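Since the structure comes first, as structure tokens, the remarks are kept for the end.
As written, the chain order gives the labels A, B, C and D, with residue 1 at the start of each chain.
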């Protein structure tokens, strides 16, 4: 039986090194500014969490095999090789202490896209057998059951029944030719079932044709988080197959950060071809409907609200203004966190950290940065649009005894829809 | 040092030399040096000589310097190994001493800060011989022999 | 020191040729290495064009975002000061302009010497400050390698010897100038093989960064 | 004439009817000549009173007589003073009345009579011991053998002019005559270098005067040059220096900057690297000097000045490099980098062909 080896890992590193990677490593001057943008370093104060250091395995392969000087050093026996022991040590740095939030990529003065390289480095970590167990389990469940949490359609079917009975509306399933295929995340289905009810109401209100697919309802991609393109591609193929079966023209990614970047930006490259449909985040769709005047709301929330931008949605996908437009529709006392949008701070749970039980302590340490941001503007409630972020915010705020409820933006919109005659 | 203002005309650099209107700024440090030398002369009588030959003067610098110093009442000429021209400046105690060779070429050009320039003073050895020299001249002149009440020569 | 003029002529002559040749070989090799690796074709539907975003990032990364400035003001300010000071002296000192003209065949106007002198003095102070910072800041100390200190020393020597030569603080002058040229040659030689390549590759890196974010609709 | 050298200089001058004031003046002029402060005049007077006129033998080798031309224009003291009062010039090709065998005889006689005490002045470079001796001969003898024979019992050697001091023009690449400097060849005698093409006449006489007055060699720099004259660079004593400091440069020989007398650095002035006294002693009876005349310093008093870059190239310009070298090296680099990258790509392509996809089973082995 085949197994994951250092050789396979090194080959994966080599395969991942491209022109941007080489330009990035060529340019690093060890200024250490990336550490100042990393919640894991800032909240632990441990310099080993400096982002550029996390990339050392990839950097070594690049230097040793892709540079003239590295080759000369090799001849002289001065190369520092990448070993199994080293990779074992780096596993914590690459998974437990990095949520791939991409904030370092925004501040690096020489322009290094560190998150891009973290993603690449994880490919080699997986191939060499150095991925964390929590993520392996999630990836395995996703492949075997269709959901990283092992959720099955029958559970979702129960939720659909609840939604239908409480809203009096029909949740369309396997509707061929609908405009939108709606994807969900397992965490939403379990923790935040109100999301499904909200979009059911909003789409009914706006007259949008949509459908769920029994063939594939899961939007999240454990392959992206663990950092393996084989698994990631298989999961993307399932979505593409479902969308093609139902002949939808648009696919909606739910309130989940990495699910969106996975299917929106990485997906086509994983399967090596463009999609026959377009991909949107639910927030993008809602804002388009708002702009087209298809969402009519009444009344506004009057408590002090602030918002957490999910990294994957804002910084890594450019969805920043849309959620603010929607907030303006339903909130009159909205205040942004000081650093928001593309400069927002990660909640600490992304990039697979929340699936990696071992990283619990680091995850909560990183959250302190978000907590400090929230304390700065002292809102009565937080609004967000990512189930992972929302869970992390709820858990974190509770851990620090802060009584600030967290709500999803889609639900809030749904609550203010003008009742139809 | 307003005297160094290029707008103030000075006699030695006429309109014929437009280049010298340009300020190279090398006269000023010499003037400061002269000021310090004068202070020393007044305080302790210490004399100073400044060799203008070794100064990195540009065109017009020397003229500017001498224009600022001006000219005083005394002019003297010493004939020894060619002429030496001494000019008192408008500042008492500051002299310009121009040593010239047998063919009237300049050997050295110095500023002397002293009550009397060294070369004007008789050499001590010469001074010691001056009485004898006078008596030699007297006897040579024959004037003392013709005097009515003169004592006869001792020899 | 006897032979200072020979030393100067040696640094100005054969050594300069060798240093510049190694520099050109190393740098071109590095650039070709980078560009020949290429990028995989991107099938994802772009939100915006990558070229203008990449070009903008090439410039905008020069200025730190307000948050980073607040968290690491020393890094940002001192880094800025010495980079500007160094570039001012490198590109706008009259002798350097003449050197560039002779090597490239063209050049640009120079700045007055007192300005360059001031920039150099500031650069020396700022470089010392960066070393102290590197030795004391926990992150910088942790991530620093031998190469970082080597590069610092070479850059510092270049600026210091230039300053000493300009002020003629080392006699005889040909020795001072020769040491400055030698330092600069060491800098040229190590440039393509150390982090000093960022002088060129940082702009490539910024473009790739700006392009990647730009096509997703974010100006990075 | 030979008798006169027994007298001290003081006696000899008084025989000439020189007054004490005249002597004082001579000392003032001599101090000025030696670039010593005027306050040294009394010390010079005391020394001169006791000094004896040394015998001087002047050897001319691969030279252009420019140095002698320069010396005959020395104005302080006049050459006549120098020859008849300060020194006993017993041999000089160009200036001596004797010729042929009588001339050579005069040299040998002076060497014999002043063994260990005479000065040798050399102008011109010498084809070295390994060169064809026929490149330059005097009276059938090679320059090298005359030099070595003459310096054997000399007190000191003064190398006058850049050719004698550093090899000068004859030594310029490709140095066809194998020219060498005096200090290359004379290692067991004190050698004073008085470089310049030609040297400032007063500097030649000043150095001789120093030896005469103090009976010893002046303080020298690393190149054997008297510090009194070569202690500071042209640049440091240049009256145009303030323009350099302000960054005001003439860009061409007829631009506004040139007319205003700005710094000549960009026109190739070698003043910064050249050590000489031109800026203060000047030329032609102190009338002017090259920079004052609007021409950049050529650096003629420095070693290898003919090979130290173009006269009109600034000091900072490298000697041999041009855009071609840069371009050539760039191409080599591109080929090297390209080759390496191709290799890496090939390896990657091979690996992509044999790449094993990761399976859940493989992953689960870790659980």
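Heads up, the rule we're going with is that a contact is a pair of C-beta atoms (placed from the backbone, for glycine too) under 8 Å apart; a residue touches a chain by one contact, two chains touch by 3 or more.
By chain, with names taken from UniProt: A = (Fe-S)-binding protein; B = Hydrogenase expression/formation protein; C = Nitrate reductase; D = hydrogenase (acceptor).
Remember, it's a predicted structure, so these values are computed and weren't measured experimentally.
Undergrad: If you check the contacts of chain B and chain D, which chains show up for both?
TA: Chains touching both chain B and chain D: none.
Undergrad: With respect to inter-chain C-beta contacts, which pair, A-C or A-D, contains the greater number?
TA: A-C
Undergrad: Taking CA centroids for every chain, report which one is farthest away from chain D.
TA: Greatest centre separation from chain D goes to chain A.
Undergrad: What is the distance in Å between the mean C-alpha positions of chain B and chain C?
TA: Chain centroid spacing, chain B to chain C, equals 60 Å.
Undergrad: Calculate how many whole Å lie between the centre of chain A and the centre of chain C, each centre taken as the average of the chain's C-alpha atoms.
TA: 37
Undergrad: Mind checking the centre-to-centre distance between chain A and chain B? Centres are C-alpha means, answer in whole Å.
TA: 95
Undergrad: Counting only Cα atoms for the centres, state how far chain A is from chain D in Å.
TA: Here the centre of chain D sits 76 Å away from the centre of chain A.
Undergrad: For chain D, write out the residues touching at least two other chains, lowest number first.
TA: In chain D, 336-337, 340-341, 344 touch at least two other chains.
Undergrad: If I count partner chains per residue in chain C, which residues reach a count of at least 2?
TA: Expected reply: 26, 29-30, 33, 36-37, 192.
Undergrad: If I count partner chains per residue in chain A, which residues reach a count of at least 2?
TA: Residue numbers touching two or more other chains: 66-68.
Undergrad: Please give all chain pairs that are in touch with each other.
TA: Pairs flagged as touching, ordered by label: A-C, A-D, B-D, C-D.
Undergrad: Flag every residue of chain C that touches chain D in the complex, lowest number first.
TA: Checking each residue of chain C against chain D gives 1-6, 8-9, 12-14, 16-17, 20-33, 36-37, 94-96, 98-99, 101-105, 110-116, 168, 172-174, 177, 192.
Undergrad: Mind listing the chain A positions that touch chain D in their complex?
TA: Against chain D, the touching part of chain A is residues 1-4, 8, 11, 14-15, 65-68, 71, 126-127, 129, 131, 133, 136-137, 139-140, 143-144, 226, 228, 230-231.
Undergrad: Quick check on the complex: what are the chain D residues that touch chain C?
TA: Listed in rising order, the residues of chain D that touch chain C are 221-223, 233, 235-236, 244-249, 265-266, 272-273, 275, 302-304, 307-309, 313-323, 325-334, 336-338, 340-342, 344-345.
Undergrad: Tell me, which parts of chain C touch chain A in their complex?
TA: Contact set of chain C toward chain A: 26, 29-30, 33-45, 47-48, 57-58, 61-62, 64-65, 67-68, 71-72, 75-76, 79, 137-145, 148, 192-193, 195, 197-198, 201-210, 212-213, 216-220.
Undergrad: Give every residue of chain B touching chain D within the complex, in rising order.
TA: Those in contact with chain D are residues 19, 22, 24-26, 49-51, 53-59, 61, 78, 80-81, 84, 99, 101-103, 105-108, 110, 118-119, 123, 125-126.
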